[in-house]
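Read from first to last, the chains carry the letters A, B, C, D and E; within each, the first residue is number 1.
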Amino acid sequence: VVGCSSKESSVEKKDGNKTSNKEMVIAVNENFISMDPHNTGDTNSNSVQSAMLEGLLGFDADGKITPKLAESYTVSENALEYNFKLRKGVKFHDGVDFNAKAVKVNFERIMKDNSLRLNSRGFNLITKIDIINDYEIKVTLKEPYAGMLTRFVSAKILSPKLLAEGKEKIAKDPVGTGPFKFVEWIQGDHLTVERFDGYWGKGERVKKITYKPVPENGSRVAMLKTGEAQVIYPLPSQNIKELENNNAIKVEKIPSTIAQYVSINTMKKPFNDPRVRQALNYAVDKDAFISVVNSGLGLPLDSIIPNKTLHYVKQKEYKQNIEKAKQLLKEAGYDNGFKTEIWGNTNSDTMKGMQFIQQQLKAIGVDLKIKSMEEGTLSDEIYGAQKPEDTKLQMWYVSWSAYPSDTTNATKPLFYGGSFPPNGANTAYYKNDQVDKWMEEVNKTADPTKQDEIYRDIQSTIYKDAPWIFLGVDEILAGKRTNVDGVVITPDGGIDVTDANMK
Amino acid sequence: MSNTLLKVTGLKKSFSIPDGMFGKKKTLKAVHDVSFMIPEGKTFSLVGESGCGKSTTGRLISRLIAPSQGEIWIDGEEISQRKESQLKIMRKKVQMIFQDPYASLNPRMKVRDIVAEPLAIHTNLSKAQRYKRVSEILEVVGLSEYHANRYSHEFSGGQRQRIGIARALIMKPKLIIADEPVSALDVSIQAQILNLLKDLQSEFNLTYLFISHDLSVVEHISDHIGVMYLGTIVESGPKEILFSNPQHPYTKALLSSIPIPDPRLRRERIILQGDLPSPVNPPTGCRFHTRCPVAMDICKVTEPSVKKGGTADHFVACHLVE
Amino acid sequence: MIQYILKRILEMIPILFIVSILIFLFTHLIPGDPARLVAGKDATLDEVDVIRAQLGLNQPIWEQYLTYMNHLFHGNLGTSLKTKLPVTDMFGDRFMPSIYLTLASMVWALEVGLLIGTLSAVFKNKWQDYLGMVTAVSGISLPGFWLGLILIQIFSVQLGWFPTGGAEGWKSYVLPSLTLGAGIMSMLARFTRSSLLETLKADFIRTGRAKGLKESVVIPKHALRNSLIPVVTIAGLQFGFLLGGSVVVETVFSFPGMGRLLIDSIAFRDYPVIQAELLLFSVEFIVVNLIIDLLYSFLNPKIRYAV
Amino acid sequence: MEKLLQVDNLETVFTKDKQKIKILHGVNFHINKGEVIGLVGESGSGKSITSLSIMKLFKGTSGEITSGRIQFNNEDLANKSEDEMRKIRGKQIAMIFQEPMTSLNPVMKIGEQLLEPIRLHLGLKEKKAREHAVSILKKVGIPRAEEIMSEFPHQLSGGMRQRIMIAMAISCHPQLLIADEPTTALDVTIQAQILDLMKQLQQKEKMSVLLITHDLGVVAEMCDRVVVLYAGKVVEEADVFDLFESPKHPYTKGLIGSVPKLGQKKDKLDSIKGNVPDPSNLQKGCKFAPRCNDAMSICIKEEPPEMNFENGRSCSCWLYKEERGRIRV
Amino acid sequence: MELSKAVNQNNTVITEKKYSPLQDFWKNWKRQKTAFWASLFILLLIIIAVIGPYIAPHDPYKPDYNALLKGPSKDHIAGTDEYGRDIFSRLLAGARISLSVSFLSVSIGAIIGTILGLVSGYFGGWLDRLIMRASDVMFAFPDILLAIAIVAILGPGLTNVVIAVSIFGVPSFARLVRGSTLEAKETLFVEAAKSMGASHIRIMFQHILPETLGSLIVFVSMRIGTAILAASSLSFLGLGASPETPDWGAMLSLGRDYLGTSPHVVIMPGIAIFLTVLAFNVVGDGLRDVLDPKTKNE
């Protein structure tokens, strides 16, 4: 069989362990965009980078923040100072030592270059980086930012030598401290990494991992079946039954932090009436949504954030109740329903979801017109409006995903009064002064209990106000050959291969 | 003396032909200084060997191609450099009959539409009127109404040529350029057509430029004859004079080659020696000298000028003629 | 001939100049803001503005064009807005696979298409003809993803003969080229049939037979070449389209080709990549069509082009 | 004399609109070895179809031979398979077609087309074949033969093309050459050359020629015997001298009368009135009767049988019923 | 004229019959057996396109979440789709859009392209170069960009899909027709027409166009299928009909993910498209034969 990549590599040195000579292929659904960790916005690039690069902090399997290149860390009470004790004896792939200096160059790079994605997400708030000693470093912020810890996960530490070589090199040829080191990246075809034998972490892992972008669902499944790939992510939900019956394959379901919803423009008639928005929520059968659109996978979205997200509190779900929905519409003065329009991009899943909403709303007399738009055009339509009055947006079918640890990112861009497009993704044009205040407040504290409290209030208030039709939380699927070990899919869709191995 | 319908002076045409795939271009002088005139109602015939430029001359006069040099006067108008858009009136007056009857008929059109086409172009007769004229003209050329509904491939060679003639006649043009109109016809129809052409000529005062290689046909139909050799007219004159007193050796050879329809009169032909020289590289001096049985030294060097050949209207280009 | 080719090549310069303006305007004027798309949904206005400035998109459009052209003249196709990699790098790994795939698809499609078309014409209204028709119609009316996935199912999953995707080794080209060529093969078969039927009526075919030539000589040697003009036109067009890559096939077979890159770039409004690709395709089409024109005069020597 | 070709009662039919149209109504004639036979008749009388029937070149048309025999070297061609015919075509029987413009392949160089039969039938290889081709071209009076080999048909004048056709036909030294109006498109000097050439070839190689033409001058010049065809039937067959001296059939007389003769000072040529009848709509009796000046009442009722006279002459006309003619049944 | 009187009298009898091109066509058309039946099938399709939604056994829009992706059964002879809608009913209802969009867009593209191709091939020179280079550029522009531009300028909608698909077709048709035109304009009968003084328009349409018909018909009938698929791919760019509309191409494309698991979702519209394209091709072949005087009577 040709193309089966799990062949033994005979020339490599033997360390007595047979499994370590295996090679693994991981097929993902999209192309990798960049290998510059400080400027990456897509999940797949992130996944690949995480094989080679590490940050001071990391996530565990549930998405909780744990130390990684830092042995431990502390945050000051005013949430302005972050102190890291660094791991000793860590080396970069190019042989350079990992230490506080290396961390500083990395952070300074992000601080200074405002074209980097991470710059605007926290790092531009940094005022000072103090090297306390070779293995201790302190970072001081201008103002508190609750998402900062998550950013320290994202800010992977690159070899200072590489940083000196410039941006282009960084984007193509990353050098970090991770368990695998970069081998080659053939644009559009594959990216290969090789076990880094000088890795600080313990454990056995495969010799080589090749990441392949395979956009076609059916082809990805075929690769898993033929053994051309040992891991595929995502696995299309339609194939779940078929694959579950296959002995050589195991299907993994991972609860995600992807929230699916329809945002409703709360400033536009008739949606300026909360009763109307609630009515829409009551009109939709979330379980049917999950079974029709998501092939039965996932959970209803029963808060404004997914249950895996930090500070999540379950709310009283809007269970489908057509009578109640009609009643609410009547109260709001829309006995005969109304006409409106829903926007969405042209992914087949989105189109499927929009059709479902259309079918559901028909029952309460809402005549929904579907307008699917090509991504760029859609983005222009949404962000082109400079003021809330200018927008033509009524409803938007979309999903949102943030790191489980990053509740700020899961709420502020979506519900904060200052996040109206084009300044954020608050496409519901939701503005509640109380909520705005809470959000500012929660950001200023480093105290988890206080955060918990505030977020509880935020969730219940917004959920009642119903600026969205709350639909579901995705369950993500991955497929693995049964002989695969130690490959972990995280709730945000990342692939952790630190302990990747094959039997 | 009737007025001149067609007058051609110093007509020249060269084609540039590619020499191989990548070579430079070569010039082929297909027509090289041709001058003659036809009085209204008369017939001028061009005879000559294949490839000597007869058809090209015809195509030049009908302005299917533009001359490189020279003047063409038709009915008092000079048309040699006119643009396509200014030629329509002239095209109504001048019609062509083509050498290849089959290829000149659109295989996808019915005969009635082929023949009616000039009417459709130049008149605003209704369809019915046009078809009526077609039926008339078809009978004139010896075809019947029942042929009108067919396609050209369903006809025999001779019938096809009659279609072509019908098409040329239907406009009752002033000048007909007939490029070998009867060479594909069998004798009986040939006779009919020749008679017909003559009848039409006297009835409508038609003028013919008749291109042929059949000297017996030419003799029958023409008033004047021009003998062409390699792009030039080497001898021209009224037919009686030309046939009774040919001056140019080439004309003589031509005349001797005519087959005579009497097996008892089989004779030794004077077959010209050598090949027709290439018009790309015409011989210096007299163009005929390479094949001329009576060539002299001067013939190789100097091109003979056109001289009066004894009688009026008789012109010869030969060093032998004083 | 050489002169003609040279002239056509020289002609390309002003054309490409105009084309570059067109492409530039077109890509910049369609809706969609790369700065926003690069920044992400959650980005604030300030972030977007910073990125816009950095991408040089806040300058007047003619200034952007001048900068672009200036770079172009120095052989610099620009840097991708999305990946920050030089466009040449992104093309590098994709260009040759695209070319190979195109050639592979074209070669089999031409051969099989001509064969089916010829057989259909020769056996007009016999079973061979009907079979040819059904094959051709299948090839054109079934979408590529269908054929591709079925081929994967049969030849990769069931039989394990060919890999499901990629571009390593000749085997990985087999299934994509089969998928890609199917539609072209169909077109060519139908055109060959139609055109050949016309030629078979010609007198010179009879001449060939009168010489005692076999049908197997008369048809390919005398008839086919006289029928090729529409076939060549279509084949040329398809060849051009193939060079531009096929999104469907590249997607189904996870093939690293130019097509998907273009589509991805369009979705992202990655101007430099779009522009570079379009410019490249324009050149390709112009060259392909030049070749077609030359083929015309080879196939029918009466067709000559005025220089 | 040895017979090379004997055509007996040949009937050829075309189908149009599901309707069978008989073009040849039982054609009889023969050709001896080394003989030149002229086949004359008006346009549409079936001359070309007769020649196509001998070659059985009906592929792609609706034509077929429905009855009759074509004995060539004592073998019946009418029953030969396509494969067997192929070995005969071009090699033993060659043909020159009437349409020089369309009978050459427009996209193949002259040389290629000319070399085909030479390679096929004479088995000559590259250089030899080329030399042979060039020599044949020279024989038929093509100037610049070498260059012409690499030119395309459309670059040549009509006459040149016909000479190419002739060259192609004689290139394999056929036993029988069917020449369908070979010199119609040629000028007299070349015509003279070609006729001369055909004569030479015919005499040297004992080639027989079936010369289809309407140029009675050519017939007189070339032929030994003449077969006159009218509406798909042979109406008269005679030695060339007899025919011109004393044509029997009124149609033959008409044909000879319509030839313009050099030096003849006539304003109008004699011609046969009317024209060849439509083969799909033939009337009873003698097909020529409607155009015949001597038509009698029997002529429109009954078809005249073939009557044989001395000296191998035959004629189908009721005028000679009382004469010495023996009616062949 | 004396000669004319000499014509046979007996021949004129059969010519009394009036000549009518339509009757002539019909007579020949009936003779093309396969094509005749195929044209009846197309007629049937047209009828379905008109009355399809009314004869559908189920509401083509009505979902049934309890019968998702069911294979063919008595009640749903073509099965149900991912919302439990009856596929057969959707096919019937979708005929209108698929047929009208594909047929209209192919026709418009063909007409414009043919005219450009004729002009380009016939006149040659700078006009030819202009048109051809323009079409080269058109070729290089991917459909998706044009589609985005059209949505931006004209907005979404079926009319605009027709416009878009027509535009995609124009350069191909132009190239094809130009190729045949280059050949046809060298024929002697075109020269003959010129010598008669025929206008350019007349020569192009009366003499040259018919010579290109053979390839044109083939191309049109082939493109019907491509157009159905192209139109659906445009709905993926938000140009076409909204996603709930039963359009064959969209049904086929949206069913993509179910190919491995519930193949009937794609096979059914696939069959509909296949049969349609087949019918158009058979009719095209028949038309070619009827329009070609050399074969029409065979």
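Criterion: contacts are C-beta pairs under 8 Å (C-beta built on N, C-alpha and C of every residue); 3 or more make two chains touch, one makes a residue touch a chain.
This one's a predicted model, so the numbers in the text were calculated from it and none came from an experiment.
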Looking at the contacts, which chains touch subunit B and subunit C alike? D, E
Report the chain whose mean Cα position is at the greatest distance from that of subunit D. A
Between chain pairs C-D and B-E, which one is joined by a greater number of C-beta pairs in contact? B-E
Rounded to the nearest Å, the gap separating the Cα centres of subunit C and subunit E is 22
When the C-alpha atoms of subunit A and subunit C are each averaged to a single point, how far apart are the two points in Å? 37
Subunit A to subunit D, mean C-alpha position gap in Å, rounds to 89
CA centroid of subunit B to CA centroid of subunit D, Å: 27
List, in ascending order, every residue of subunit E touching at least 2 other chains. 7-8, 11, 14, 144, 148, 152, 186, 188, 256, 259-260, 292, 294
At least two other chains touched by the same residue of subunit C: list those residues. 30-32, 145, 149, 153, 201, 266, 300, 302
Provide the list of subunit D residues touching at least two other chains, using ranges where the numbers run on. 99, 101-102, 154-155, 274-275, 278, 281
What residues on subunit D touch subunit B, complex-wise? 40-44, 48, 98-99, 101-102, 141-144, 147, 150, 155-160, 181, 184-193, 195-196, 214-221, 223, 240-241, 244, 254-256, 258-264, 266-272, 274-275, 278, 281
Given the complex, residues on subunit E that touch subunit A span 63, 65, 68, 82-83, 144, 147-148, 151-152, 156, 235-238, 242-244, 254, 256-262
Parts of subunit E lying in touch with subunit B, wherever the complex brings them together: 1-4, 7-8, 11-12, 14-15, 19, 187-189, 191-200, 202, 206-207, 210-211, 291-294
Contact set on subunit A toward subunit C in their complex: 1-3, 27, 31, 33-34, 36, 39, 41, 114-115, 117, 120, 167-168, 171-172, 186-190, 212-216, 218-219, 222-223, 225-226, 228, 374-377, 379-381, 383-384, 400, 409, 413, 419, 422-425
For subunit C, which residues are in contact with subunit D within the complex? 200-214, 217, 221-222, 225-226, 299-302
